[in-house]
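Two complexes follow with chain A in common, the first pairing it with chain B and the second with chain C.
Moving on, here comes the complex of A and B:
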C-alpha cells in the first residue's frame, strides 16, 4: 500500500473508506484485461455475421476465406459440430417455451449480426479481411421487428416451436375481487409506457483468449465474464469435454453491468477453434459488434391501471408487461429474466392490497437480451412512479404526500406479491430527500420558474436473492448460495476465495475489509481470489447486487471458521479451554494474559503438526457457504431530479440530483457512493439518451458511438448522496446490496421531473428515452396562445 | 507493404517494422507491449486510447504509427515513478475514487495530464468540459472531475509556495 489505510471510527475495517487494493495496478496501466493477454503463437478470430434479420441459410461457402493471406482456418456450424446452448425454466409449456441458441447459426439466422462462421488468422487485420470473403446465401423470411408485430395474428415465427412468438407468458397473483375494487374505486389512473432497447455498454467489449494445454489436459479460456463457472459448464457440454478439462479464468474486467453475466456464443466458438487447432486463439469484439450483436436489454411495454381511494391510497394494481427479448433466450436466465422480474416485484415500496399481472416475453429479430443492471426495475419503478404522479394530479394531492400515504412503514411486510420485505427506510428516505431539496431552495425556484420541474422516485430493490428466491422464479438452474474457502499461510496472511466476481465493484477491497475484521488482521494481509474455475470451488458470479450480501457473508463465515480453528489449536498449545480464548484483534489468540500470534499457530499447523490436537488436521484452512433462506433483503432509496427544459430545443438540463440511499451497513462508503453515482448516470442515459433502434427490415440503426449517444461529463450532473442505514438482520455486517439502485431510480426521477416541468402544457410523457421533439412540441404549443394574445 | 519507423515512447527509442495501416494504439499495445493504453471503440469517440503526442492528448486509434515519427509519445506507463509511487494525478484519482473498473482510466489520466500542463489554472467547469471528451461507464464522472480539479489545486498551491518563497 502506498498509504496508511485508516480504520473506521469503531476500530473496524468495515465502514471505512479505505483505499482500493485494485487502484495501483489500474492507475499505472499494469492491470491485465483480456485483450492484454498475448500467448506465443496466438491466432486471431473474427466472425462472419448475418446481414439479414430473418432468413434461412441456403449455403455458407468459406472456400474464398481460406485463400485470404494470413487466414489459417475458417469454421461454420457444420465444421465445429457444437451442441446448442439451451436455457430452461421449470415451467409448463404454456408458460415457457424452451428454445435453443446454436453457437454458430445453423439452418436459420434470427438477427443482423448473428455469428455464422469463425475465421482464424495470423493477425486481426487478416481475420477481418478473411471474413469479408465469406459467401452466405440467404432465403429471406419476414422480419419481426416489434413486440406488436411478433404478437400479430399469422406473424412469421422466429422460433417455429414458439407460437405467437411468445417464449414466456405468465399470469400471476390475481387477487380475488380485484375487478370489483376497480369498479368501485374513487379514482383509476392508467399508464401506458414503452421503454427503449439499451446496451449495457461496458467500456471494455467482450473477448476471449483460449488455448489447449497438453500438460494440464485442459482448454484454458481467459474471458471477461461475470459467470465463469456457467461458461465452463456450457463450454464443456457444447464441446463434449469434461468440466475438469475446462478452466475459465477472468482477468481484470472493464465493466459488465449484466451484459457479461450470460454465456456468449463467441467465447464458446473461440474456445472450440483453439481446441480444434491446438493453438491459442484470441477474439476481441469491436464496438460495432458490441452495439449490434452482443446482448441488449430493457425494451418493454407496460399497460397498467391503478385504483385509488379518495385519500390517495392505492387499492389495486393491474399490469400487463410485454418484453421484447430479441432472438434468443440467454443462459442461464432465459427470456423470462425481464417479465418475471417485473411481474414479481412491481408493487415495490407501496402497500398494494390487490394485484394482478400478466408478463410476457416475445421473441423478435433483434439481438438477444441479457440482464442489465436493475433488470426491469428501472422500468416498473418508472411506471409505478408515474402511477403515483398521475394519482396525485387527479386527486389534487401533493405527490410526495401521496407517496407518504402509500409506502410500507411497518416491517416485516408481507406483500401481495408473496414477498416478505425486511426493514427499510422508505418513508424516512422520502422525507429526507424532500427536505434536502427544500433546504437547497429548489421548491422556491420551481415556484418562480415554470421551466423547472422536480421529480421523485421512491423504490426498493431486492438484493440478497438466495436459492429460495430464484427457485420461486422457477429457474431450472437455481443460483443463490456462495461458497468461500480460506487459507492462512505460515506468515499469518490469508487467501480467501469468493464465487462472486468483481468487475469494477472493488471486491478485492471490500471483501478483504470483511475478512480482516473477522480475524483481526490488516486488510492488506487478505488476498481475495476470484474468477478462476480451478481455484474457486464454485460460484454464481456477480449480478443482482448479490456479491456483498451473499459472497461477503460466505467470506465472513469461512473467516469465522478459520478463527475458531486458530482458537482450538491455540487452546491446546496453551493448555486452556477453547472457551477461554479469543482472537485479540491484533493477529493473535489470547487467553487471559497469555497470547499466541497467528504466525506461531501457523508454524505448528504446518511445520510441527505433531504438536496439534489429535482431532485437528494439519494446515489452516476452512470452507463455508452462505445462502439466504427467506425472501432476501431489500435496499431502498429515494431519488429526486430537478430539471429545466429548453423551449428552443426541447433539451433537458438536470440542475440537481439528490439520492438518499439505504443499503444497510456500507462496507466502504466511498465504494457505495461510486456505485450509486455510476448507476444514476446509466439511468439518466436510459431516460434521455440511449436507444438501439432497428429499421423495418431489422437492420440496427446504431453501429457506432456516432449513432448511440452515451452521455458524457457534460450531461451527467453531480449527485448529492445522503446515507440512511437500516442494517440487514441476516447478512454478515448487516450489508444489503448496492450495485444497481442508482440505475433503478434515475429514469423515474428524471421522467417525473420532465413531466413536472411540462405541468403548464397539458402534455404528459411516459416513454423513455424521452423524445426531445415531444418536449419541444409541447412547449411550443403551450406558448402559442400566449403569442395569439399579443 | 511494410515500413521501417522509429518511435520514441516514454523516452525510449524503438525501431519498428509496421504496415502503414497499423494504428498507433495497436503498435503501442501489441508491438511494444504497453497495454496500459486501452481500446474502447476504434472510432475516436470514447477516448480510452488517449496518449500524449508532443504533450497534446491524441486518440491513438485515429492516427497511424507511421505518422508519429519524430514525436515524443507518452503513455500511462510513464506517469508513476520507477518504484511504483503514483504521480500526484494518479494519487488524486485513487483518493477521490475516480475509477472503478479502470478501463477508461489511462485515457482519462493522459487527457488530464495533457490538459493541466496546458491550462494549469483551469476552473472546475473547464475541467468538466475536458473530461467530457472521454467516456466512462462506471463512475458518473463526478469523481473524475473532482480528482483532476483537486490535483490542479494542489499543483497551484505548490507553485504559489515556490513563488512565495522565492519572493521572500
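Moving on, here comes the complex of A and C:
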C-alpha cells in the first residue's frame, strides 16, 4: 500500500508534513554525494600541510614527492600561481583591516594544517605517501594561540598589515548618557564568559571533483558548497578564467552548517590542479583535516554589564566582545562575521533602552573561522540569558517573571540597536514553555531534588537578511535577493530554479509545496533545480535561515507570474477577460463554467504557438526575484532544559528538553521539527562537549573524534517541540527562517539549568563547554560543611 | 587518514598464524583481529606494519567454556558475545566498552594485546587474576595478568606470539566494574573494578597500567593514588572520581 501525501487541513500543501522528496534516495543509499562521483581517469589529491603554527617558509621541496610511486604531480603555490582570496568590508581601516588568504601558503604559514602544496596521485593512498615525502623548511615565529596573546603589547603579528592582530574593531550605538544610567542603577550585574572553539562538523566533510571539459570549454567542479556562485567567482578570478568557463555543481550534501558557505582553499587548488593536468582530480577531506584544517567557529570572550531597576527592568547594556577568528578572514563574510553579528543583535528580545558595544575580531595562529549555524547568537544569547538569571537572583525575582517584564510585547519594535523587530510571540513562548514544564511536574521534582536544575532561554533570531541588512553590516559583497526561473512543460509539470541550496533542509520538498499551492498542482509535479551555476541564473546559496524566507518567496513569485501567464493565454483561447479567469486549484484555468487544463494551454504555448495572443511569447516560463528591503523577519523561541548533576563525578544528565518555537507559518512542520532537533543537538554539543583546543605551540589537540567530543544519540535527550505561529507580513506564506534557532537556544538553556542546579553552592559557571571538574568541585565544597557536621 | 601500504595474509590455524609471524619477522608483521584499535592507528599512520596477519579465519579461537574451576574465553570472542553470555561481572562490564558496533567486532584477545590503560578487559584480567595463554614458535605458555601489562600498548607478549585464550577463575566472585567519561562509549577518565571476595580494587585511568589495590575503602584508595595535575583534569578531580567509582562499584557488586 502506498500512502498518499496529505494536504493541510485547509487544502493547501503549505502547512502539511508531507514526506520528504529527498528521503527515498537518501535512505536507500542512492543519493549522490561528491565522493560518489567517479570520472574516468580520475586522480586523487592530498595536501601537504603546515606542521608549524606560525613560521616563515624557507623552502618547499617537492622533488621527492614526485618520485613516490603512483604520484602524478605535485604543485606548490609558486607552481600554480593562483590569485589570493580576499574578503572585504566597506569600512575604514581603523574598523577593518583587509587580509589575503592565499590558496596555497606562500611565504608564511599561519596555522597547523594550512595547505602548502597539493599532491596528485593515482589513488588516495599514493597521494598520502606523496605528501609524506614533502620537505618543507620553516623559520618558526612566535605562535599566537589566544585572543589575549594576540592583543598583548608587542605580540608577534599574524598578518603584518594588522596591528595588534586586530582585523575588526567597531564601537557601536553608545546611547547618550549610558554611563549615568549605570551610575544611578539599582542593580548592576556582570557576566564574563568564554565560549569554546567548535567545528560545525557536517557529517560529509568538504570535497571536490574537478575536470576540464574540452567540448564545453569549461572547468567543471562538483563540490559540496552552500554557495556555488561565490565559488565560481573566486575560482574564476583565482585561476584567471572567465566565469563562463567555470561551472560549479553541487550534488547531494551531508550538511554544511555554515562551514561550507565560505570559499575553501582546497577546492580551488583541486580545480587548479585539474586544469593544469587536464585530468579529473578528486579531493575528499578526511576527518582529521576537517577537525584541524577546515573552518572553525565560536571562540568568543564576553565582558558584559547590565543595569536594572528595582523591579527588574533592564536599563542599560554595555558589552565588549572579542572573537578569536584564527588565521584568516573568510570569503565573502570576512572576520567580521562573528563580532558584527554579536554587536548588532545582542539586545535580542529585550527592551534595552541604552546600549553600547565594542566588537573585535582578532587573528591568531589557529585554523580560520567561518559562520556556524546561529553565528554568534548561541553565544550572545547565552550571555544575555546569564544576565537575566543573575539579575533575577540579585533581585529575588523569579527568572521567568523577570524575563516577562523585559521582553518586547509591542510590535513593530524599534530597538536601541537600530533594528525593527516584526511581530513575534516572545512572551507567549515564555508562558507556554513554563506551562509545559509545570504540567509535566518538573518544578515539583526540582523542589524535592536539589541536584535538579531548570534553565530557560528566550531569544529571537533575525532571518531573511535581505540586501539592506547585509549592506548595513557594510559587506563589500552584499548578499540578499534571490531569483527564480520557472518553466512548465507540455504535460503541465513544472521545474523551478532557486538560488538557495538545500544541504539537508529538504528544499526539494518545501519549495515544491510552496510552488504547488501557487499553481494548484500536486507537490510531486514540481521539480526544484538548485546548485548548478549553469542552470541557476544566480544565487547566494543557503545560510542565515534565508532559503524559505527569501528563496521560497522568489519561487512563489515566479510561480505566480507563470500562473498569470497561463491565465492570459487561457483567457485568449476561451475568448474571455483575463480578470474573469482563475486557477482552479486542480491543474487548470477556469472562467465561469468553462475550463482549460494546463496541458491544453501548454500544448498551445509550445506546439501551436500560432494560436497564442500576439503579445505573448511562445513557451511557458517566467522569472521573478525577491529581496527583503527592511530589517528582515524575526523568528523566536523559548527553550528550557532540565538537568540533574551527579555530585560524585560532576556529570550532567539532561532529563528533559522543551522547545516552544515560532517560525511564522511552518511550510512543513516535520521539517521544522527536524531542524529544531538537529540544532538543539548542536547547541548542547557546545554547552557540554565540543571544543577544539590548542597547546601553547599552536598544535591542535583535537584531531579525531576521540578528542573532539561530539555528542551521540546517548547524550541528546528527547525534545518536546511546541509550535506558535506569528506569520511574517512580507514573505511568501508568512514563513520565517527555521534553520538555526535550535542551536541558538540550547547553550543558554543548558548553562542556566546547570547553574540552577548549583544554586545551593554559591558557584556560578559562565564558560562553555562546562567543565565537569568545576561542577564536581562546586558540589564537593558545598557538601563539606555537611560532612563536618556528621 | 589512509594507511601506508602493507601485505595482507590470512591465517587458517593457530600454528599457521605463528608460522606467518615467524616467517615475516623481518617485515614488521602484525596480527589483526577485530581491527577496532589497529585500523585506526594505521589510518593515522601511527602504526605502519609491513604485513597484516588476519586471524579471524581461525575457527578454534572463538567461544566461552567452563572447564572445572576455570572459565576459558577464546581470544577471538567478541565483546558482544561476552556481553550476552550471562557471565556476571564480565558480561556486565561490557556495556562500558565503546559502542555496539565496536563490541560486535572488537575481540577479547585484541583488547588484552592492545593494553590500553583503561581497557575493561585489562582491568578485569588483573582484578580476577586471569591467565593469558599464548602460542609462540617454541610452544605455548601462560602469563599471569599481573605480569602481563608493562605500560600502555606494551605487554609481555613477544612479537611472534599469538594470544590464544584468556583463562579466568570459575565461579566468578561478586564483583563489578564502573567508570566515568563525559560521553557514553568513550574510554574512561577513571574506571574502578572491585572483587568483594578478595577485597581488592583495580583502577583504570590513574596510571600506565591497571592499578591493583588490596582494599575496598574508597577514601583510603583515593588518598593513596599517585596522580598529577594534567591539562583539563586535576589530580584532585581524578582522586574524587576514583573515590566515587570505588564506592559505586562496591554497591553494584554487593548482593
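In this text, the second predicted complex is superposed on the first by the 787 of 790 C-alpha atoms of A that agree within 3 Å, B and C clash if a C-alpha of one lies under 4 Å from a C-alpha of the other, contacts with A are read in each partner's own complex, and residues count from 1 in each chain.
FYI, contacts are C-beta pairs under 8 Å (C-beta built on N, C-alpha and C of every residue); 3 or more make two chains touch, one makes a residue touch a chain.
Keep in mind the model is a prediction, meaning the values are calculated, not measured.
By the document's definition of touching, both partners, chain B and chain C, reach A:712. Using the contact criterion defined above for the overlaid structures, shared-chain residue A:287 touches chain B and also reaches chain C.
After overlaying the two complexes on the shared chain, residue contacts for A:651 are found with chain C alone; chain B is out of touch.
Of the two partner chains, chain B is the only one touched by A:673; chain C is not. Within the superposed three-chain model, A:129 lies in touch with chain C and out of touch with chain B [touch as defined at top]. By the document's definition of touching, of the two partners only chain C reaches A:688; chain B does not. By the touch criterion defined above, A:506 lies against chain B but remains apart from chain C after alignment on the C-alpha atoms of chain A. Within the superposed three-chain arrangement, the count of touched residues of chain A is higher for B, of the candidates chain B and chain C. By the document's definition of touching, both partners, chain B and chain C, reach A:704.
In the superposed pair of complexes, A:581 makes contact with neither chain B nor chain C. Shared interface residues of chain A (contacting chain B in one complex, chain C in the other): 125, 286-287, 704, 706, 712, 714.
Interface residues of chain A, counted against chain B in their complex, comprise 2, 17, 19-20, 22-24, 26-33, 35-36, 38, 125, 201-205, 252-255, 257, 286-287, 503-506, 670-671, 673-674, 677-682, 704-706, 710, 712-714, 716, 718-719, 742. Every residue of chain A that touches chain C in the complex is listed here, in rising order: 124-125, 127-129, 132, 286-288, 648-651, 688-689, 703-704, 706, 709, 711-712, 714-715, 771-773, 776-777, 780. Those residues of chain B lying in contact with chain A across their complex are 19, 21-22, 29-30, 33-43, 45-46, 48, 75-77, 79-80, 84-86, 90-91, 93-95, 97, 99-106, 109, 128-129, 131-145.
For chain C in complex with chain A, the touching residues are 1-5, 40, 44-45, 99, 180, 182-187, 232-234, 236-237, 240-241, 243-245, 247-248.
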